[in-house]
Amino acid sequence: MYNNKQCFDKAKKIIMIKYPANVFNVLKSMLGKRLEGGNPMYKLAIIGDGYTAAELLRLLAYHRQLKAVKILSVDFVGKRIDQVYPQLLGFSDLVCEPSRLDDIKDSCDAAFLALPHGFSVPIVKQLLEWGIKCVDLGADFRLKDPEIYTEYYQLEHGEPELLEKAVYGIPELYREQIKKTDLIANPGCYPTSAIIPLAPLLENGLIDDNIIIDSKSGVTGAGREPKASSHFCEVNEGISPYGTGVHRHGPEIMQELNLAAGKKLDITFTPHLLPINRGILSTVYARLKPGITGEMARTCLEDKYASEPFVNILADGVMPSTKWVYGSNMVDIGLYADEDNRRLILGSVLDNLTKGASGQAIQNMNLLLGLEETMGLQIPGLHP
Amino acid sequence: MYNNKQCFDKAKKIIMIKYPANVFNVLKSMLGKRLEGGNPMYKLAIIGDGYTAAELLRLLAYHRQLKAVKILSVDFVGKRIDQVYPQLLGFSDLVCEPSRLDDIKDSCDAAFLALPHGFSVPIVKQLLEWGIKCVDLGADFRLKDPEIYTEYYQLEHGEPELLEKAVYGIPELYREQIKKTDLIANPGCYPTSAIIPLAPLLENGLIDDNIIIDSKSGVTGAGREPKASSHFCEVNEGISPYGTGVHRHGPEIMQELNLAAGKKLDITFTPHLLPINRGILSTVYARLKPGITGEMARTCLEDKYASEPFVNILADGVMPSTKWVYGSNMVDIGLYADEDNRRLILGSVLDNLTKGASGQAIQNMNLLLGLEETMGLQIPGLHP
Amino acid sequence: MYNNKQCFDKAKKIIMIKYPANVFNVLKSMLGKRLEGGNPMYKLAIIGDGYTAAELLRLLAYHRQLKAVKILSVDFVGKRIDQVYPQLLGFSDLVCEPSRLDDIKDSCDAAFLALPHGFSVPIVKQLLEWGIKCVDLGADFRLKDPEIYTEYYQLEHGEPELLEKAVYGIPELYREQIKKTDLIANPGCYPTSAIIPLAPLLENGLIDDNIIIDSKSGVTGAGREPKASSHFCEVNEGISPYGTGVHRHGPEIMQELNLAAGKKLDITFTPHLLPINRGILSTVYARLKPGITGEMARTCLEDKYASEPFVNILADGVMPSTKWVYGSNMVDIGLYADEDNRRLILGSVLDNLTKGASGQAIQNMNLLLGLEETMGLQIPGLHP
Amino acid sequence: MYNNKQCFDKAKKIIMIKYPANVFNVLKSMLGKRLEGGNPMYKLAIIGDGYTAAELLRLLAYHRQLKAVKILSVDFVGKRIDQVYPQLLGFSDLVCEPSRLDDIKDSCDAAFLALPHGFSVPIVKQLLEWGIKCVDLGADFRLKDPEIYTEYYQLEHGEPELLEKAVYGIPELYREQIKKTDLIANPGCYPTSAIIPLAPLLENGLIDDNIIIDSKSGVTGAGREPKASSHFCEVNEGISPYGTGVHRHGPEIMQELNLAAGKKLDITFTPHLLPINRGILSTVYARLKPGITGEMARTCLEDKYASEPFVNILADGVMPSTKWVYGSNMVDIGLYADEDNRRLILGSVLDNLTKGASGQAIQNMNLLLGLEETMGLQIPGLHP
């Protein structure tokens, strides 16, 4: 058979002589994937071994320019990751390694941290010192106010100065800041589903301060550790609210929506556990300001997200199902307005492991590293 | 073996001589069940052959005093009902008969109607003329205002004068009226889940006019007819809102809550379809009036429902799962109050086929016929 | 209101004077349930707090003559059982007590043991000495050969002489022995589903020695302890074989089928885990002996089970769904014969928690205590 | 931004001058995808609008060289396909067109037919005459014997001479024939799952003639048309056998396994319906020939499939879950041998819509068109 690497090297030589650098870069980007692992631009570490780590590896299998070269684990040290997550059989030959940071110091350009809260703080500090860019999928850098962090996570934040550096990683809202930093606080799944539809409406002053967010999530959101609350028989064939009034994603939602509105809002957030693996639906109840029509709200969202590759504003009369975004990086948003009582209802869906976690993390990583934002993420949902 | 009937006849004779009538009635009631089908007090017709009809037969298998002697069908005429619903194999030998009312004229004391809307109006008229009491599980007699009926069901109501006679069948709210009528409009499943927790709070003036009801239902609520929206693959592994702003249970909820409040409220009701067979959760967002505490709201509900056999007010901090009432006639209600912003959140669950339909229908029938209200319904939920 | 107890006492007095004892017994039995807890004939202890214990309590809620008066626990001591299993709210006010046997010595007539294997051996020994009859839902007394027990359970059996006393509790096969013993080894769920259809065919020599049993089970069969293998996300939307060739129910099936055949058979048993809560389907592949027709196999099973209240032999051409027996004590069996290659396929379904565990345990307890075998168990499946 | 097309044209010009043709082809293949729709090599029609058509579009979204340019429909003419299947929103702007073959005569290089049986026969005849290569996902060209086709499908086969031309499309078995034909009979989902593990064992004479295939399938296998048997409530929380002894995939399995063995085998195939969307598990019971060990069977499969990109032979002791291949084109196969009774058990899983239908169809199309076989299909399963 032909030898890709040789082809590429030859082509590169010619092109470099004859053409300006930007043409070469285009070619290099084009050629990346086909060179079967030979030439991805960036080497990545994944620190953590839970569901979001597995989802990173699933998505990186499609990515031409990012390659996971290390996975640091606690529970599975010495095991191949495709033994732990057999869906990866044939797609990754990584072996889980002990969580020694030194091992990635020189081998990685950037890192995903997929860890329980509290763990990322010292790790990020070290990695940044070594010049390794970080996307933290956990909660440690999302809340700007360390006191609220302490209140909700029962931990003192060891490096509060990093909170300023960290950018809250919703590219649709903070794209330019993301490109300039080296630390991303990858948002929570519930917050992403609520903030994307609400932020533009609040920024533009179209809705009242009083907002109710009734969210429903699949079980992957609770992680892979076996618990009574994720036991099949306790979840299957039922639904219930949980964490009413105290869920840790509450303050994160409030922080971002207050920022968008420029004032303190009156927000109620209630999560529910659903008998599905993946998917979040946030049903949002807002009140249109006097004089604001449903059409104006729709136009506001359509304008904001017209050129966004990962946000669909659905046609009038259509509310989304979480199934439409199963495994994809999309957010689908439906609107219903009852102008008689100025009620605005938004239905916002995403896959909590993809746009709600690992997909958005890769989107952020693409931006951090100067790659095309959609690279590796242009995949439809798996339905039916 | 002994002969129950002979025992009973002898005991009856003695007791009737020696004891006043009420003692005999107690005995008769006690003895009913053991006389294995020989002595149920009332013969019933079931008109309809859908899921609620099957659920009536499931529950009547436990009932000592009610016996279904006829089932009138359209789709299954000539088939044994246990062929159509094999869970009834060994529990019912009824054969589906054509829907000729004359056939039940003399053979039944009362009837359950489990039909699509529109069909019950003329049937009920005829049955009542024959002195056959009716519990209508459909929508034809729930809305007091025939114009709203026409608006939501696209039908003129043929017998509006029957609307006055019909009692809305939530025994916890209308017990005395139910006992005195002969026509029950058995409530919708969503309305039952919303009205039971809200009516007492509104009657006692504890909450504001602005109420949001975010409801989630299993698929049995959509009936047994195959439709794209009930196709397994379209439902499984997903959730979506449906009927936003136009669901037919909206006006029914509003009618009853407006009645409880004594004024027109501002109610938003959004149903969602869940990938489960049975169960409704209504998450209700209300606002406590100034000066009203969460404890006062709780006490109001506890007082109202303390002696109700089918309503549980859950302990502080507990929100219900639909699984707790799977197959039972219970409503479980949890409360959460955030007094800082006067927010009151209620979680209310029931089984849409049982307390949301056939269980409540039997509860109403018991009352109509002067039986003990709980007869045949004291069954725990099926969990796990 | 009337006072049931007074009524009963009066009635009893009269009847006892005028009628022979057996009439009184009939009455007492009839009256049992209505006297609201005042007069069940037998007081029971439940030792264990898992899913089968909860299922016992669900079923005992329908039972007129058995009352659970104690529940001994390890994990939930001091908690009300309806906090642990909220489906029991309103149906049981038992509080979980420490597992001290002395506490039940004088308060109970009989006991259900619902414990991990190994635990029942010493407990049963003690209870039998005190004259407390035992139905053991665990595995400790099922295998007649203590060496096979040791091989499969990695434990020495401390009281092998009890193995002779113990009767394997399938009433359809061992009814007379059950009535005469005081120790029941309540069968495993898979074995019950396989033995009931196969034993008569083997006893009557209709099929060859080579039998394949491909069984599929819901997750409740794995118990309530959270494990990776019962994590919702690891089970939902999938199926897999497990314990291939080594599952502990294998030797139990072989013991009973070998007994029925009177020789050592060649049996293959493969269990699979299904994403459902309840239900077992065993698809059984046997070979009709030369000259034996499918009709002869059908007749054999129909004759055997014609008068059995908990076994349905389905009509020709009908194969069962586990849904038909969801929550009921039934076994539904379908047959398909291809006489060209003498292939006989049996489909056998039951609810693993009911006929596969707690329902059959109550059926056995009824027999042990001289009650009507079906008491408390005549409940249809919950479908849809 | 840069202009991909210009870059490519320039690069092409240089490379063509300086390098031999094969290098250019490599480059062209490398560059294909990045030219964002501008340069796929082949234009395809999809004839049909069901689940397999939707799955083709999902997978083609990843494909660099195949582009669906037409979708012919019956039910959805005039609708955008992303309205029918909203998971495609943002990934396809095709509009369903009437099923007029003339419309694709000049616009397409090849076609996928995803139609009910019977429809493909005349369509394929016409398309082949026009030189349009066909992959038929239906059943019309799978059975070599038109009489068996008539027996199982109740249709006369209108073009039996095409049956000789058609190649049964399992590339792992018929790769060279596939490359040379222009008509592929894409196999059924059950047959693919059974034939891949069994064919090599039969070809090499390692197992006896008597084989039992107990298969379990998700509901997508039954198509998108609403039927009682695919109603959510009739499927959820249950399992049952169906089509026992008469399923149409039976003769297809037999044809291929008989071919592999070179003689008529004794095969029993029983499908079951599972409450999952996607996935088939076939548990296969075979008997090792005397002298054949489990290790020899394993080696046979490992050797056969060592270099196959879509077949994993699992490690000793591992049985697969359908979840591992959810949405991927993989077949995972586990083996268990009990040499005492020469029993060999195989567990074989695939996604019925992917490797069981549309994924394999694209694999075949790649081969038909001379593309790399794995193109567009190297995607991991979606788990959890």
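Just so it is clear, A, B, C and D label the chains in written order, and each chain counts residues from 1 on its own.
By our rule, a residue touches a chain if its C-beta (ideal position, glycine included) is under 8 Å from a C-beta of that chain, and two chains touch if they have at least 3 such contacts.
Only a predicted model underlies this, so the values are computations on that prediction, with no experimental measurement involved.
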item: Chain whose Cα centroid lies at the greatest distance from that of chain B; value: D
item: Pair with more cross-chain C-beta pairs in contact, given B-D and A-D; value: A-D
item: Geometric centre distance via CA averages, chain D-chain A, whole Å; value: 33
item: Centroid distance [mean C-alpha coordinates] between chain B and chain A, Å; value: 44
item: Inter-chain centre distance, chain B versus chain D - centres from mean C-alpha coordinates, in Å; value: 49
item: Residue numbers of chain C (touch at least two other chains); value: 51, 220, 224, 233, 236-237, 275-278, 320-321, 323, 326, 384
item: Sites on chain A touched by chain B in the complex; value: 212, 214, 216, 233-234, 236-242, 244-245, 266, 268, 270, 272, 274-279, 281, 283, 285, 319-323, 326, 334, 336, 338, 341, 343, 345, 347, 349, 384
item: Interface residues, chain A side, partner chain C - complex; value: 51, 219-220, 224, 226-228, 230-233, 235-237, 275-277
item: In the complex with chain B, residue positions of chain C that touch it; value: 2, 4, 7, 10-11, 14-15, 18-19, 22-23, 26-27, 29-31, 33-35, 51, 54, 57-58, 61-62, 85-91, 220, 224, 236-237, 277-278, 309, 312, 320-321, 323-328, 330, 332, 353, 378-384
